[in-house]
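The letters A, B, C and D name the chains in turn, as written, and every chain counts its residues from 1.
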Amino acid sequence: MSQRFKLLEICRRALSAFAVVTAVVPIYLLIKQAFSVELDSFAWPPRWIPHHLTLEHLHKVTSTGELRESLIRSAEVATVAACTATLLGTMLAYAMTRDLRARRWGLAALTASRLLPMIAVALPLATVLIRVGLYDTPSGLGLALVHAAIALPVAAILLLGAFAKIPLELEDAAFLDGASQLTILLRIYLPQLKQALAAAFVLSFLSSWDEFGFGLLLQPTNRTLPPLIYYYAVFGDVGAASALALVSTAPVLIVLVALRHILIRQPKPPAF
Amino acid sequence: MSQRFKLLEICRRALSAFAVVTAVVPIYLLIKQAFSVELDSFAWPPRWIPHHLTLEHLHKVTSTGELRESLIRSAEVATVAACTATLLGTMLAYAMTRDLRARRWGLAALTASRLLPMIAVALPLATVLIRVGLYDTPSGLGLALVHAAIALPVAAILLLGAFAKIPLELEDAAFLDGASQLTILLRIYLPQLKQALAAAFVLSFLSSWDEFGFGLLLQPTNRTLPPLIYYYAVFGDVGAASALALVSTAPVLIVLVALRHILIRQPKPPAF
Amino acid sequence: MAELVMRDVSRIFRSGRGVRNLSLTVEEGEFFVVLGPSGVGKSTLLRLIAGLDTPDNGEIEIGGRSVTHRARPDHTVAMVFQNLALYPHMSAYENIAFPLKMMGLGRREIEERVRRTAALAGLEIDLNRRPSQLSGGERQRVALARALVREPRLILMDEPLSQVDVQLRSVLRVELKEFQRRTRRTIVYVTHDHDSAFVLGDRISVMHEGRIAQIGSPEEVYRRPANLFVARFLGHPPMNLLRCQVAESGRGLWVNDVRLELDPPDGESGELVLGIRPQDLSVQPEFGAVKLEVKVESLEYLGARYLVRARLGNQALLVELPRSLQPGQIAHLYARADRFHFFDATSGERIGQTHDKASTVTKG
Amino acid sequence: MAELVMRDVSRIFRSGRGVRNLSLTVEEGEFFVVLGPSGVGKSTLLRLIAGLDTPDNGEIEIGGRSVTHRARPDHTVAMVFQNLALYPHMSAYENIAFPLKMMGLGRREIEERVRRTAALAGLEIDLNRRPSQLSGGERQRVALARALVREPRLILMDEPLSQVDVQLRSVLRVELKEFQRRTRRTIVYVTHDHDSAFVLGDRISVMHEGRIAQIGSPEEVYRRPANLFVARFLGHPPMNLLRCQVAESGRGLWVNDVRLELDPPDGESGELVLGIRPQDLSVQPEFGAVKLEVKVESLEYLGARYLVRARLGNQALLVELPRSLQPGQIAHLYARADRFHFFDATSGERIGQTHDKASTVTKG
């Protein structure tokens, strides 16, 4: 048997190596940089274990008002974006579930919209936002709507998968039982979509929370968190940037820990 | 019937509206800005049809050497990234197909790696690349590897779906027919994966081609196309940036036109 | 009184499938089975009656009132779906209560009607359990109770027994038939399963390509199939169908170059199709007066019986016998003359009195 | 000579399923069928023989050589999979040629052997077509040809007929049996379908929970089931099994408070399980000497026959009769004494000479 599946073994090792290189090493380095003095970070040969630990960076970052402000703004933007994407995603997924033609064109539109270069869309979007007065506002509402549009395809496709698991006969049965379409959506579909809705919300929230490029372009002064980190890094304070980046991973880590069971228990591969 | 599906109709319209707002309007505005004089772009109330057309921006952009250089670099980076992601993705997907445990952990790792905030990973990655001498190189190899890592989850999940459609008995049959595991991969699996491999390559290529944040951070002087557009825009030359952005959409448009049949003919919703 | 009347109803989809110029009448208290292979339009028929779809043409009446163009279904029709379509997030109780809640009834009345209907459907379980916690048979009964609870005039069933295993299916079948005998509900039941149709139906409507091929009692459609489709479709193994020529004298038949001493229906000549079921042939001369000389080709042991593949003339003939024969052997088979069926070779229609219900033969 | 020998082979999965202490011998040129419900370890057995899996314990020999711990399968075994496992991107020709290419044969030799094998498997099609362009029967034959082309000692088949429709299945079954009769290949065929097992098998091995419940010819396992599992599993409708008490005198039986004038096997006393097939009961007194007085409860019309549900004592009894009875009626049924089966009430094992092949009764 072991003879037979040698190639499989190689692939499995590649998988482990990938997990270590893309997730474990960067996270370790991030934590190390956030808590060690500057010299350590660029020492050659690289030191895996820092010699001098410090809380200086973290202290510096938390003591400025800029951080609090952009933390709150990022949270607001992500919440608005996630709510909008989940709501619209549910509507789109429902339309695509019942209507084969809507599904075809919907999936095509969603895929196509994901393929558009972000930078090419960002410029005209900035123009539009300036015109409607949503460019670089303190609340970040314009950015939130853009983030919602970015998150919508994933939310819609995720919800489409959940809708697809609900047999169409359930809707027919409820219709014959005398339910209106709104009742069907609220009392038949939604209770069965709880998990997918939560997943769509969480993914949309995180994608907005982590988004960098549009934030940089559309909120140049009223910054969200990722551009703020970028500015710290560009102005040479890598320690402070790292400390800030570490803070920004908090919601991701919370979600990963909270969802670890769902993430690991996923027997079927997606059919995409 | 029309009575019954009123809500469905509303959802269907939301779908159309979404397609128009996120894809059609930005593309139109981009084209308009690239070919019209500055004043037009910021006119209030907005003019949908420009009064004065010009080729000035496009001419300006094509006459500088910087454009050619970064076009070639972007193409190189995207090619290397796409090849790497497709190759690694095939290996991972194969391991996940034959091994339930690998699939579970693999999907979890791939999902988790997609949830990590890009900016948090970018800082330690920059440190690593500086150390191994791949930071801001003219060839952009470091950035290409990072892009490969970003594209890998999508490529792997896409290929996993294609592998899943091939019954396991095919491998058993080929094994009993006397084929080695490498023969099985090359002569049984690959011919049936052609479409998925092409799709994985194209998506990886485009995701690298369009990527902005890592390019900005990891190639500050040897720029790829999206950061170059950003610099043009930030330094106030929106017309030139738009013209450049228009150029950058070329491969996306080619792909969309080439794949239009595959995009639209997709009867089953994903099971994700 | 006629509970359901369909007049010349058509509903044709782009694929060309659907229901074509279909007319039928279901009497009050009747168990009416629609039988046909899959894709023949059975489910379309049911959806039209339920009001889930609207006919292109024709009229549908339930209890004397036209329902062809109703905006939404009223309380006269209920349906049990193939996959039962129980609401998975609701308990059995909530499932049964859902139609009543939609009617806006009060809590006490709902409770009372749910309890009563559950008992009627034979549900003796804790109604707080979810569908996923119930057995196949229990789920079936919950679906039935949900259909019953609004006391509809007409209950539609779309192969609800197709997803339980064979053993349970035969138990539930008997239970359903008993339930209908007791309560005299009007039921329209759609299936592709001959056994279910025969066991359940007071009358069976056999469907073929969107049309009705024959309507009649189980005995009628089995013993006097109206055309070649019904003859082939009902019975397992299927009826033997042999091309034959009426002898010039008008007495006796030729199957290729073999002569059968069997008289065709009066006035027929030329080519006919002769049908005989594998079970209606025997090796015992006392079984019937018509003698067939066949060549045994092979035989299959089926446990209780042998399935013999033989040749008459150069046409294949299947025979079910309780004893074994030798392959290669020439055997004599006997059958009663009234067990032969004649069909027109071009139209495929039965020749002889198809609709004479009085003449239903009792087997013996 | 024994082509395949398995000695005390076990392969148990974490789920508890698999194969347990299984021993069997398949003779050269034999059509050996492994029959059992799904999940009983049939496919595991086949994968062990094929070398796709390795036993935890025990020995497997093919053609006299041990293959228990082979690193990879040699050319002695070929397999036809349930889904056929044809390579979809290759033509029929390339599919059949693939095993030969893997052997490194020259182009001309491959071509010659592919043509020869295709003819042997009854393939009369354009071999350049892909599997998706072939009919179900043609695909079946391509899979058979691919298994044959290396001239294996042993062909394993994992329910390859389960995915074609009933009509085609019975045709392909006859064809496969004919092929095996002609070529005398050794075939091990796994199925859950009684009909296939009875039609195809020279011997049938009935499996139950990873073990062999009985091995014998189709007639043997049907007429002399070795235990209650085999008795219940074979035959449709299933055998009636009645709990009964041996009368104190040792002659006659009590089914609850009804006395049967049927003598139990010598020396038995106390509680037994009595078995009788629904087809072995008749209303005609000349059918057999044992008389049963039953109460008719309900009946189902099955076309050729009626299935009567009756009660003997307070136990249910199914009877298949060619004529109808009245529900509620008291009926007298007759059966031959040698058609009754006796089983031990606790162990479930048959009482009486199970393995006496000489006594195989011929039905009449």
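Convention: a residue touches a chain if its C-beta (ideal position, glycine included) is under 8 Å from a C-beta of that chain, and two chains touch if they have at least 3 such contacts.
All values derive from a computational prediction rather than experimental measurement.
Participant: Quickly list, by label, the chains bordering both subunit B and subunit C.
Facilitator: A, D
Participant: Leaving out subunit C, how do the leftover chains split into contact groups?
Facilitator: Remove subunit C in thought and everything remains one piece.
Participant: From the C-alpha centre of subunit A to that of subunit D, how far is it in Å?
Facilitator: The computed centroid separation for subunit A versus subunit D comes out at 56 Å.
Participant: Nearest whole angstrom, what separates the Cα centre of subunit C from the Cα centre of subunit D?
Facilitator: Computed value for the inter-centroid distance: 30 Å.
Participant: Would you please write down the residue numbers of subunit D that are in contact with two or more other chains?
Facilitator: 72
Participant: Return the residues of subunit B touching two or more other chains; collapse runs of consecutive numbers into ranges.
Facilitator: Touching at least two other chains: 4, 175.
Participant: In their complex, what parts of subunit A are in touch with subunit B?
Facilitator: Against subunit B, subunit A makes touches at 4-8, 10-12, 14-15, 18-19, 21-23, 25-30, 33, 41-42, 44, 46, 88, 91-92, 94-100, 102-109, 111-113, 115-121, 123-128, 130-131, 149, 152, 157-158, 160-161, 163-164, 175, 181-182, 185, 203, 206, 209-210, 212-213, 216-217, 225-226, 229-230, 233, 238, 241-242, 245-246, 248-249, 252, 255-256, 260, 263-272.
Participant: Which part of subunit A faces subunit C closely enough to touch in the complex?
Facilitator: Contacts found on subunit A: 167, 169-170, 172-179, 183, 188, 191-192.
Participant: Could you pull out which subunit C residues touch subunit D in their complex?
Facilitator: Its residues touching subunit D are 170, 173-174, 177-178, 194-195, 198-199, 218-219, 222, 234-237, 277, 279, 298, 300-305, 309, 320, 322-324, 362-364.
Participant: Quick one: in the complex, what on subunit D touches subunit B?
Facilitator: 50-52, 72-73, 75, 77-79, 81-83, 85, 87-89, 98-99, 102-103, 146
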